[in-house]
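The same subunit A turns up in both complexes below, where it pairs with subunit B and then with subunit C.
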Partner chain A sequence: MDNVLEVKDLATYFFMHDYIIRAVDGVDFTLGRGETLGIVGESGCGKSITSMSMMRLVPDPPGRIISGEISLKGRDILKISDDEMRKVRGNEISMIFQEPMTSLNPVFTIGFQISEVLRLHRDIGKQDAITEAARLLRMVGMSDPEERVNEYPFQLSGGLRQRAMIAIAMACEPTVMIADEPTTALDVTIQAQILRLMRQLKETKDTSIAFITHDLAVIASFTDRVMVMYAGVAVETSTVHEIFKNPLHPYTQGLLGSVPVLGDRKVNADGSRKLLNAIPGSLPDARRFPRGCRFAPRCPKAMKKCWEAEPATVEVAPGHQVRCFLHHDEVRVISKRDLGAAGKRVLKNQQKNSGKKKSSADGSKTDTPTARN
Partner chain B sequence: MKALKQFNWRLTFILDALAIVMLVSGGTNLFFAVVLTEGALWMVRLLWLSPAMLSYILRRLAQMVPIVLAVLALGFALIQLAPGDMFSQMELDPAISRDQLEMFRRQFRLDQPWYAQFFQYIWNALQGDFGFSRTYRAPVFAIVGQRAWNTILLSLTSLVFAWVLSIPMGVFAATNQYNWKDQFVSIFAFFGLAIPNFFLAFLLLYLISSTGNWLPLGGMTSVGFRNMTATQQFFDVLRHMIVPVVVIGTSVMATLTRVMRGEMLKIMNEQYVTTARAKGQTENKVVYMHALRNAINPMITLLGFQLGNVMSGAALVEIVVAWPGLGSVLLEAVLSQDLYLVVGSLVYGVVLLVIGNLLADIALALVDPRVRIS
Partner chain C sequence: MSSKTETLIDIRGLKKTFPVKASVFSSKSIPLKAVDGVNVQIKKGETLGLVGESGCGKTTVGRCVLRLYEPDRGRVWLDPDPAVVAEVEQFDLEYEQLQSQLDDVIASGRVRGAGQKTRELRNQIRKNRNIARRKAMQQDILSMGRDQMHKMRRNVQMVFQDPWASLNPQMVVSDIIGEGPHTYGTHKGARLNKWVMELLDKVGLPRNAANRYPHEFSGGQRQRIGIARALALTPKLIVCDEPVSALDVSVQAQIVNLLISLQDDFELAYLFIAHDLSVVQYISDRVAVMYLGKIVELGTGEQLYNNPRHPYTISLLGSIPVADPEIKTQERILEGDVPSPVNPPKGCTFHPRCPNRIESCSQIIPLLEKSRDGHVIACHNPPNG
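For the complex of A and B:
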């Protein structure tokens, strides 16, 4: 399978007044033609920022992609101009969002909003674009598409709106479609319909999909490979079968363990109530990650080494990468990152503040942005 | 059907052009005829867009009747609460006998209770008689009519001035949030909000008079207005309008700019703005098409209130720059207790307020499909 998208060492930081949020901090993955990659992780782990970075839509300021390479069919889209990037958006990479209720503009008709993307990227007239929009609506399974093109988003239900969004995303037959939790806001029956539609489209158009979700059931049924993200990095990447049968990273194990299983005994052998296996604690503060492995504070298997150095991502079995010292000994070598003028500004504000309150500067001193990278 | 709709649009554009020609060449009656035809065309168009709107408009117009009646009753009752009446001053005049005063009072129905005046007034008004002003010695309708036109002209021009400037300024401030450009616009807006209108008017007049009178200092027309050609007359009035329009417009603009900025900031964070960007749309179109179309709604709602506000706010400025509008008339009328003139001005104000709100509602329906269809 040839890769249409290769992401290498992607890092997106948010430069706030006197601190830096390392939302995405070195993510690597590939996406083959017609393949579906699931990206899972808890809220705030950097899934959505990864997808926004792929579209180059991270709000700047305060966000900025500070390093990495995103090559789409061999072309690094982080290096092209804004104008060229505009030709990529909606055309070669498109996106579906979580909230179908708010992702369509309320004052324009569905037909206009679909034809808009067609007219941006195809040499097509106004009337033809509307006809084409109706065809697309039929393709995503809407009845009476000729009538629907004249309707406004508020006249459609959530499921229909998401179908319209998919029609927009599929309009130019993109190479890659990013779906950022497209089914989270929908009820379960609609969710199944939307997933079936997406699979069908993917198979007929040979589109690659990056599917972001925190729903493991959706991952299991819909994706080919899975990337598990934690605190801005990918901790484990493998085929969906491997991930569910043989999870290697303690975080993945915890994630899978926290799913309730139907028919499971609700009472332990000693008669006490059985609780769902939750991962204790919460995500580390993205302003100040721990020195070693980012999962160490919550990890049941943390060793001394985990607190001292950050593990590298190593392929331990064919197609199975993991970032954990339990499975290898390689330490992550972090490439030097140029934080630019924004980084200098933050550092200056930081020093100004720490000068003001010297007593509380003990912990933060070790972790200034430049000291780490 | 489609061709008919297109014809309707084209006709409106032609009529727009015609209206401007009429205004410039001074054919007032023709101008009104053109405006009325255009209004009718808009109604037809609205009917196409939404049949429900027409019944709504008719309902709103019907609602106007009780409001106007209530204001009238209040007007008559309040004037009677004040001590004396419009003839009290004459009582000191030895040349006027008691009997004569009694006769005057009977003539103006001042000897009757307020509700009797009220009902008599309505009966007369239905026959086209809106009473007689003692101070101006002319029918109220004639006085208010001419003055009202002057005030409307001034207020509408100020509103247009304020809108045309505040929308780009608000968008500009929002898209440059928190940097110096935004701060600059904000300071400008706060200045406009803080400075009293009449003071700004004095300030401008002082500036103009001390730099060589390059603009007229007051009034609406120059000496020799009657002998000018229509075009000259148009530009003469325009020159006289500059100071009051800038003064009234500045305060309106200040509010509108702040509203526009806040609304724009809110909308720019909406998901559909990101969707538009994800389609590959240019930033200009994202801001001016996708975001602005949504941010404009609260501005239109504000327009309805502002029409009334601007009219009353114009009163002070009108007095300062000696604009022959309703402001000075209303002030004089109240001071001399000129009953029918006060009531006439009140009715005019209320009718304008209601119509202003109605127009704003219609405009909102035209812009926002959610209002129009549901």
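For the complex of A and C:
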């Protein structure tokens, strides 16, 4: 499978007044043609900021992509101009959000919004664009699309709005589609309809999808490969089969043990109630991560060295990467990468600078040598 | 838990409508049937799960049980004495008859003696209602007066979905948890303090949490505070309205575990409301499935999962993706949206989406009846007989 998207050592920070939020702190992944990559992790672990970085839509200030490379069909989209990026967005790479109401414009009809996207990227007349919009709405399973084009977002149910969003995202048949929790706000029966629709589209158009969710069951049923994120970093990446059958990172293992499986037995052999394998504690504060492994405070297998240094990401089997000292066993390691180094440089600089001009009123404008833009 | 056979809560004929505007432009209001005749019991120490899609009336049922909403109709018996329930039921039956007689008289229009008859019936109805109310008011939450309500609140508590909004931001944790015991005078002074510490231990919060404010805590920790507050009066029932829906999976598991362990310590019953069937099935002894204000299926978690009988339950189960990449079945996908409760379909409200519908489905409302293996469903034509 040839890769249409390669993300290397991506780091996106938020430079707040007196602290830095390391939202994404060294993330590496690839996306093959027609492949679906699931991105999972707890709230605040950096899933949305990863996808917004790919769209170059991180609010700046305070956010900034401080390092990395995002090559879309061989071109680094972090290096192109804003104008060029506007052409890429919606055309080669598009995005669906969790709450369609916030991304659809409430004062324009559905048809107008779709036709605008079409007219921006294609040489197509107003009337043709509306006809095309109706065709797209039919494709995403809306009945009476010729009438729907004249409706406003608030007139549609949650499921129909999400279909309209998908129609907009698919309008130009993008190479890559990013779906950020596209079904989280929907009921299960509507979620099933939307997932089936996305599956059909991906099969007919060969679209590559980055699918963000915190629902492991959706991941299992919908994706080919999975990246598990924790506190701004990818802790494990592999095929969906490997992740579920042979999870290596203690966090992945914990996550899988936390969800009740429908039909699970609820009592132990001795008659007592069975408890879930909950991970104790919660996600660390993105302002000050623990010194060593970010999962160490919650990890049942933490060792002394876990508290002292961050583990590097190692490839233990082809396509199976883990970021954990338990798997730094040299015999098995295929490759080893120290991600997030750029971030460390930025932080060091920041500390030096803030030491120099302590009483400076504008802490957020601190210069960072590796920063882009 | 030997007490699991005794009825703690008996909900009968519960109905609640909300007035909603007929359209954006009109000032006329029409009734929205949020809960439309719910009957269900919760036994002592039992967990009853309530599932269904958004807007089907789960929260409304939970809130009616505590009278946070005032229902239109029905009874919610707390620790009921069967003799009283039977007696009141007779009065309710008589009331229904009187009411329909009255409707007939009114419908027949201005015939001779109609005015007299109407007055008589109205009188009888008023009497009937007064007696029924007096007989029911010690046990039926919906008939209770102020004093009985005050007593009842000790036994029935609630945990809310939104741990961000449900705690007073201006109170420190020890005051939030201690408020109930203070008001009811169950614990005072040093003993109250000790009790709050004990509760903090029970829900897995550090003791130094006592002097801090809610905003200093994460979502999971706030939900623990909410649970400690609900426990403080050692109630018999806690209504949990989506207590884990807003939480991350790992924290969700912590709270589910906490609720399970507390149940054994405190002999608690839960009405556990959620839309996530796997969580509900895991925590509940029995599960009720709701659709458009009505219970359509009720059975043990195992019955529902292994042998769902109602077409809606079957579709619901079929819609849920399985956390196993080997299993990629998602075959029984329901088409269409949930219809509006303002204008629900006639007959069985599920009929427009039902793959099993027969002619009578759009005419006759199906009633809850025992199915072959003992759980109850409301359906004219369940699959496989």
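Here is the rule we use: the second predicted complex is superposed on the first by the 323 of 373 C-alpha atoms of A that agree within 3 Å, B and C clash if a C-alpha of one lies under 4 Å from a C-alpha of the other, contacts with A are read in each partner's own complex, and residues count from 1 in each chain.
By our rule, a contact is a pair of C-beta atoms (placed from the backbone, for glycine too) under 8 Å apart; a residue touches a chain by one contact, two chains touch by 3 or more.
Predicted model, so just to flag it, every value in this text is computed and none were measured.
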Which partner reaches more residues of subunit A (counting touched residues only), subunit B or subunit C: C
First, second, both or neither for A:Y152, with subunit B first and subunit C second: first
Touched partner set for A:L57, first subunit B, second subunit C, both or neither: first
Which of subunit B and subunit C A:N268 touches, first, second, both or neither: neither
Which of subunit B and subunit C A:N246 touches, first, second, both or neither: neither
Contacts of A:L104 with subunit B and subunit C, given as first, second, both or neither: first
Subunit B versus subunit C as contact partner of A:T204, first or second or both or neither: neither
Subunit B versus subunit C as contact partner of A:S94, first or second or both or neither: first
Which superposed partner A:A278 touches (first subunit B, second subunit C, both, neither): second
Residue ranges of subunit A in contact with subunit B within the complex: 55, 57, 86-91, 94-95, 97, 99, 102-109, 116-117, 120-121, 152, 154-155, 165, 168
Residues of subunit C defined as touching subunit A within the complex: 53-54, 218, 220-221, 248-254, 256-257, 260-261, 263-264, 275, 277-279, 281-282, 301, 305-306, 315-328, 330, 333-335, 337-338
For the subunit B and subunit A complex, residues of the former touching the latter: 270-272, 274-282, 290, 293-294, 367-370, 373-374
Interface residues, subunit A side, partner subunit C - complex: 42-43, 157, 159-160, 187-193, 195-196, 214-222, 240-241, 244-245, 254-264, 266, 273, 275-280, 282-283
